[in-house]
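Sharing a structure with you now.
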């Protein structure tokens, strides 16, 4: 591939022409259409959140901030938002902690039954949510526990741990086990090694896990629906409002706001990830 | 080397990974201040042995003593050993200074003392002024030196090195071999050095343990290993060797006559330690550089054979020749220094040549 | 050179046990997570199974063992007296809809994953983020926006009417199984792309060059190299979409109407209005077993196919 002419130039990896083919062929057109298919429905949220009509339907009437004003005044909505933030904060920290412990065990130790254990922890990914929801409901009822934000939180930890573990496994696999061994070898005990080597190096993964599990918990409805007591989370509140057309526009306003905040968070996460890979990738020399 | 002053004592140590015996009943001592190499092909167990010394693995059976103290149940962070890892394991989130000072962070030193020690180390590894470099700004050779400094700053009783030169290119590797050897003499710490490169082991070590399939085959100085290997495997692993199957015809006061098939009767003076009995099946081994290449039949009455040149390779300082002899499939390898201009009498392929060797060049090994 | 001798410390017996046994260290680290899984998943599911053998007496539950719930759920199959076909039919319909969703999603996702793996050179991550951002909005609101699109006064109807193509709004767009299928296919699109993309990305590019070098055209090469190597990703995607969608009750409730109801809605109502927890438990167990059987049959068929290919 590299001929005399380009000797001395930095050689960049370039896939061969054979595989590459025409970059902007019909596949590119398809990809753009696919993205449009994904984006068009959610984009109706911001559109109708500014529409000056109580009916969420065409034609568009005019521009208004009214629904945002209503949203800010709705105590039910704000309470639900607060509850969701509370649950999400605890869930993302707990599931990242449990995910981290499991990921460390999975990547750093050889032990019998590791594969089955990993599959067991990932089971919530493939069990229909409704089954996990009613199963927890039945158990809660049986042991006489009150339904509350706590029961919602437990169910969210259950479904978030597999995600946390997967993210952290891929991060821990990304750096050499001998870095941790080197720290032990230099006389630093396991606990301090965890804080001085493992955590700093896994930080991008830890942040990604925290953000991902928070978003999952924040948006989770199927389990929370069965496990909510008097205090509700945001998705349950939204569900209750979908039946009342008059409340809808302010719900759409809230949806728009959430969409905006998440996009900012995702951008920040990507920025952190890029910085993370830049500082931990050794340049060969 | 006096083994009475052993810093490391390994007593019938075994390490099993499931059914695999990575280390199989190994016992030996390493002397204080020695440059000791563990040499073997990949997967032979040499790295496992090093990790047993470091404490990353615990022996399944047997025990390891470092400076008289049993190491069973002593965690890696409590052992008086430090390690230079094959990948160097330079912490990517710390700069050079923090990497080197990493192991002394909890030692209760003042900042001034610690800085002094780090500067001293940077001086030692010839990288003064590199303290504030980030880990990813370093070349392979620099990483290797920093890994070394990071371990040495702890003043370990034993420094363990896991193929530390493997990732460097040939020229740098040869430079580092000499430098590492000089450094070891300078600091006086016992080095245990793992390598698969026999030349590297011969160049650097006081003694070498040749390891194969979890067992130690021979422990000796480089010269003894090369000149008097104790088995076929060691003889074949270190340098090149011509092997012939033979049967002992007579054995008189270390003067043996061996019937070596196509070579005819070979006379030899086996060293006294192990004299094979008459009639025993043995292996005759001769190093290529100990065989003389002659244009005509030399006058000696024995240890002479006729052959035909089958291939030659010119390597500059020396040449390798491959000579076919009747009754043997593999050609005999012969190496000769090109002291004078290359042998002018040598013609092309199939030229008849005569091979001869001295009695004390022949090594007798168990079949 | 004299060096200060480091103090060699002997550890306690427990520490020595962990030091000796790597598996013990691994399981010690793993145990908190395993405990969470056992307490929050195994125990509840066990309780659920127990419930399926009990009976609801208005507000209390009679804990004597009975198979009546299963007879009610499945009895129609063997003609048990009074057993209704509705549960079996709903389960079958849910399977069909989920299967349709899975196939649709895979067919739509594959070319995109292929594009991402082979045609995009830089900023692959940006594309991945691009496909995941829509899924960061509330699931409920995303489903709801389809109501805006497909509804009586929705985007499609009002669009077509203003263009003069139709004079009356089309009513068949919403509240039927097709609407459920479209909405679910949209909801799971991003999840289907990722496993396929990963399996395509892992393919060694030199294999493709070798195939071309040996005389394969682009289509033969795809069929003989790319496709077989991406099958594991396609299977993973398929399972990831099929399994959760069978039990979905949100989408059918919002856009399915009476025709689009799925088994999840019936189960949910047993824990709500119908208030018959044991029957709901039995139905969910039946659903879980049915899904498992379908998945096992599917995996078995796939493994047969692969053995034959060898």
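We just call them A, B and C in the order they show up, numbering each chain from 1.
Throughout what follows, contacts are C-beta pairs under 8 Å (C-beta built on N, C-alpha and C of every residue); 3 or more make two chains touch, one makes a residue touch a chain.
As the structure is a prediction and not an experimental result, all values here were calculated from the model.
Undergrad: Could you say which chain's mean Cα position falls nearest to the mean Cα position of the entire protein shown?
TA: Answer for the innermost chain: A.
Undergrad: Of the chain pairs A-B and A-C, which one is connected by the greater count of C-beta contacts?
TA: A-C
Undergrad: Quick one: which chain's Cα centre is the longest way from chain C's?
TA: B
Undergrad: Could you put a whole-Å number on the gap between the CA centroids of chain B and chain C?
TA: 57
Undergrad: So what's the Cα centroid distance for chain A and chain B, whole Å?
TA: 53
Undergrad: What's the distance between the Cα centroids of chain A and chain C, rounded to whole Å?
TA: 17
Undergrad: Specify, in ascending order, the residues of chain B that touch 2 or more different other chains.
TA: Counting only residues that touch two or more other chains, chain B contributes 75, 78, 154.
Undergrad: I need the residues of chain C touching at least two other chains; which ones are they?
TA: As it turns out, chain C has residues touching two or more other chains at 6.
Undergrad: Hey, what residues on chain A touch two or more of the other chains?
TA: 187
Undergrad: Going by the contact rule set out above, which residues of chain A touch chain B in the complex?
TA: 175-176, 178-179, 181-190, 192, 197, 200-201, 279-285
Undergrad: Along chain C, where are the residues that touch chain B in the complex?
TA: Residues 1, 3-6, 8-11, 15-16, 19-20 of chain C touch chain B in their complex.
Undergrad: Taking the complex as given, what residues does chain B use to touch chain A?
TA: Interface residues on the chain B side: 54, 56, 75-78, 81-83, 85-87, 89-93, 102-103, 105-106, 134-143, 150-151, 154.
Undergrad: Which chain A residues qualify as touching chain C in the complex?
TA: For chain A paired with chain C, touching residues are 14-16, 18-21, 23, 25, 27-28, 30-31, 34-35, 37-42, 44-45, 48, 55-59, 98-99, 101-102, 104-106, 108-112, 114, 117, 120-121, 123-132, 134-139, 142, 154-155, 157-158, 161, 165, 187, 215, 219, 221-222, 225-226, 234-235, 238-239, 242, 251-252, 255, 258-259, 262-263, 266, 270, 273.
Undergrad: Would you mind writing out the residues of chain B in touch with chain C in their complex?
TA: Interface residues on the chain B side: 55, 58, 66-67, 69, 72-75, 78-80, 154-157, 187-189.
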